[in-house]
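Shared between the two complexes below is chain A, which pairs with chain B and chain C, respectively.
Take a look at the complex of A and B:
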């Protein structure tokens, strides 16, 4: 009874998220209360602002998609012990590469345009992910540092493109490419006033596929071994370099997909400020989810909802914008704190 | 007679009561914090003025909304909440506001500084260069090295106007004065603002102006380096009284209140509203103690001359940076070329790209 595996499993699977959520709600309620806002009302407002009507659900889903993909792009390398903060840069570079396809032949038919745009975006993201992978595998350069630096580089490259050669003169000085033609957009899904596009279900399928690929195949154990004991892995014939490069490139592809969706369907232009920091939010979501591909899906939705409710909180509850940031921080503190306490308790 | 007066009073009271009941809702979208001591606070001061002076009006706002698709969501949220007028206050909001204007023809959009209109989208702006010309006089008198610095976000026409106006104002009292321009490439990047001021001071600049969203970082850096400063967007004298010369600030309240009233009355028309010193939408900031009485009088006289139409900032002779004559003596730069300003006048150091 004391060491029943079912109980341990229950504790892991249920207690940490439940307790974490409870702690979060308590902390947030205290925060609002002591700032003079009625917590109950605010919570209702957050729920309404995130999921209360078709418009709220649409904006929530719109934010969920890039967060989900960027979280996957963080979780995958983490499975072999690589801490990548590079989803933001991969997102930008993927968008940049995909945009090249659009600008090269803006009049192409959807049948050519979509695959070409998608392929270039995935390749671009893969390239931006592979660079730190290669540097890590070949020279042992810290991938965290390289991914952070490459973020700045990718953002600057996009800025160069849209302030310079790709700026549409008809924009009157506004730095952005021409509007993407309808052929260069992911087909829309609309249902009861809620609008999204096919990239969203595709991203969920990708999360499930990664789950199967990593949890249910030998690849997962290979990555786990590479993380925990690279020397043993080498003895077992699992080579570090190809895994490192492939995993980083694949992660880059995921974020690159997020990038081209942002450019094509959300902003409708390539422009600075493409992402609103989704790469970093995705990073936090991946760590919140304990790098589990399945848990990332609901958490991305929760985070998307929280960000989407930010506007509603300001408008209806007259709360300053900074409150949303505080809420996010409280969520991380609660879930990570409970998780850490749990693993400490297990070891004791 | 008294009957007529009474009925007028009645109508007035009814009108007030009706508008109080109708309670038109007005939304404001800001690109930064509404307490930034600069561009956004100037807009929010306008909102507070509307709130105070238009009976029955309700205002709401969203801060820190970036110039991307998020602003569309923000404005749709406001429309969903019942806002009938939306002030899209940032330059980069224009394409998004134009799109939404098509989708929501019953909502009135007002964009700050835009160059495009739609049937339900108007614009408002003011000729701040007039106040910058006057500030340039203060700068030209104050500088000992003859070198003025300017921290600019982007080389867009509105900012080029400000820089040229400062140079022309300074040269009117100090013919050898120059204005050195540094671009930060961002409306809001305090670290770069500070770095720009330090670079300028290291080159011998002793008066600095700025056109970025929040002047506060530039003013703080100027204070640290002990140089003089001319302000922008908002009256920030309290941040550095000893070094404050003067500056320009926006007074959007009356324009915004007039827009709200005309929408309520059904008389609103889509048009570009241009304010200036005379209309009171652009204001000359109070003088700091560093400006002597003689200079104050000179500036106030010239302010009056501008308001009376006797002095035009863009009157010739105006020479471009390379010495080419842009406006001959007796001529005036046409309004179209002022709006699309793309050159620097002689004595400005920097490029327009």
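Take a look at the complex of A and C:
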């Protein structure tokens, strides 16, 4: 019997995600079982905690947004062969720069406040991304190391600001800026009790636009060419340095956007624990998705759900938060392992 | 050891790569397996080495049927193979590389067993110091280390896959000597090649393959070389037409006091003028600045001083560089490294030169069909525009680059060893494409090590020695001895 080509293609496309998920569930079940938790019950709890009711969906979406943006900020440089771990720092620095606009004129009207805050946040993120870009392009400094180091620097700068000059005295020692005024918040959207803001659909549109641009346009070919052979790219008139700087700056903007949304809409202050490692989770998501901007969207949602469920599990099932890290690791190992095994099996 | 292949057949999908080939290899014999690219010689030997599984056929070792399912089996039976791509670790020394591949390598190694590992190195390549990092060896020396690696595994039959295609002439001569030495010590050698030179230098018997079949088997002694070429390609006429120098005399490409820093040596004060329609050959022993000259003219290397002018207009200088100028065709050395993006499709690699000027959303359908046409016209196989270029064989990759660079009219062409790795017919097609560009008025800068080809087809020959032009001669007045003196650092008398 001959298979139809469409079925073969579909099976081919779905095999890694399906098999990966199966392996993940098996590993996770084993993990819970040997730790004395009933796996079935925990899985139901996880699903409930992630998507069970309006509140959990709201939490999940709230976590999905920064993960999605940080994953985009990782995948874009990866398309030209740059391994950036800098989304976390870009997120922090974008939030810091955006907050400066709020603190400068807290009484400004929303029409002025929002664009100014957004512009500064994007600029801040772009700057934090461009630094490793420039160092890489001009001096050949390894971008992975620089982005990691800049993460620490950005976090420390935010800490300095909120423990020092920007601390709101009325906070009675709690390190945070004053609360953002309502004019400095992204417009909310709500539906059946599920609340989010316009940044989320915007981020999804961004992901789709990046997908089209990278898969179909000349720019995508240029990035792929630079990743594959920068020397040959010169023959095509494509230069490494400007692309490297622009891509890193653009990635920084994406993460910077995540930062300012987190400060303005989620936490309503700039405070030290701005991100619960969203930059790194985004990094994992980007690599799980094989740097595909399309696959990043559902994976960010899954990871957002997992993190949101972790909070719920900690509260209701007394399951330590560290379990989430184990689950993340198991997901990563399953999907990448199945992917690697498949490509090896194919080559043989 | 006597080896016999009986009626070996190997298919790849629709393609019949080996069609019932039978071959005998005697003890202490050097057999040349001669044929064009794609004649099935490598496939046949890879079946013998267990790299491929043959579909049908038999291997007889000393008259006894053996089954070889993997290179490990082949090795155990004393069959070794040296591939075109080396599998040495550049950061390790020769000794360490040999140790890694030594079958009885001990976990802890000292002086005593080190001697056993290095014995064959001393015998066949005494000039290679065991503690040199492999990265510092020449291509020929790396090949010798690779050969010793195979010999260390007690190989009694050594298969060499196109061993001289990557070697400079003097290195090839050295290898020929080693092959004769191998035969003298009782080992059998099969040398896969498309060069008559290799046959002449060391083979005792020649098996010619064409289209997956054994076309003929002849003794080397008294072999008619014209006849061999005929057997190999099916026709004896493989010399391309000679390009005629037009009498225009307009300088098209001009190199003025060009100086440029390289890793190994610098180019200093290069002055050359090439007229429209003229082919200027650049001769020289490899490593005298040829690759740097090509990069400098094409704009990939930064100039310290001087300039390159095209039709009197600045093309490359210390400040401005235009490697993507569409008037310039560039065929660099080592296409995998210098001319294509290996992970990207043939279709994209063929469209690469205009990429930055393409519209934001290029017409992929047109790019694809253009790639199909070009691959057909330049005989790039497999004819698949979607295949990653890095998966093409060396010869086909070279053809792909030629197709991209010479299928459009250019005002100037820089060609660096453009026929490297190509068989006679493909080389002829490359020369013809090059001459066509010249006839249409392009200035050609042609870098080659093949003095015979340079003397037959170039209009003038410049000799490069230590980063300088040692002399420029009209090809009609040049001869091998004279050029050889210049290449060795002599002066024009």
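The rule is short, and it goes like this: the second predicted complex is superposed on the first by the 334 of 348 C-alpha atoms of A that agree within 3 Å, B and C clash if a C-alpha of one lies under 4 Å from a C-alpha of the other, contacts with A are read in each partner's own complex, and residues count from 1 in each chain.
Keep in mind that, in the parts below, a residue touches a chain if its C-beta (ideal position, glycine included) is under 8 Å from a C-beta of that chain, and two chains touch if they have at least 3 such contacts.
Predicted, not measured: the structure shown is a model, and the values here were computed from it.
J.: Record, for the superposition on chain A, whether partners chain B and chain C clash or fit.
T.: Partners fit side by side after overlay.
J.: Go through the superposed model and pick first if A:274 touches only chain B, second if only chain C, both, or neither.
T.: first
J.: Mind working out whether A:332 is in touch with chain B, chain C, both or neither, as first, second, both or neither?
T.: A:332 sits against neither chain B nor chain C.
J.: Now for A:240: first (chain B), second (chain C), both, or neither, which partner does it touch?
T.: In the superposed model, A:240 contacts neither chain B nor chain C.
J.: When both complexes are superposed, which of chain B and chain C contacts more residues belonging to chain A?
T.: Ranking chain B and chain C by residues of chain A touched puts B first.
J.: Touching A:51 in the superposition: chain B (first), chain C (second), both, neither?
T.: neither
J.: State whether A:232 touches chain B only (first), chain C only (second), both chains, or neither.
T.: second
J.: According to the stated criteria, A:59 is in contact with first (chain B), second (chain C), both, or neither; which is it?
T.: A:59 contacts chain B only, not chain C.
J.: Considering only touches as defined above, state whether A:316 meets chain B (first), chain C (second), both or neither.
T.: First partner only.
J.: Taking the superposed arrangement, what is the smallest distance in Å from a C-alpha atom of chain B to one of chain C?
T.: 38
J.: For chain A, what residues appear in both contact lists, the one with chain B and the one with chain C?
T.: none
J.: Going by the contact rule set out above, which residues of chain B touch chain A in the complex?
T.: Residue positions touching the partner: 27, 33, 60-64, 66-70, 73-74, 76-78, 80-81, 92, 94-95, 115-116, 154, 156-157.
J.: Within their complex, state which residues of chain A touch chain C.
T.: 216-219, 221-222, 224-225, 227-229, 231-238
J.: In the complex, go through chain C and note every residue touching chain A.
T.: Its residues touching chain A are 298-300, 323-324, 330, 337-344, 348, 352-362, 364.
J.: In their complex, what parts of chain A are in touch with chain B?
T.: By the definition above, chain A touches chain B via 53, 55, 59, 62, 171-174, 176, 266-268, 271, 273-274, 276, 308, 311-312, 314-316, 318, 320-321.
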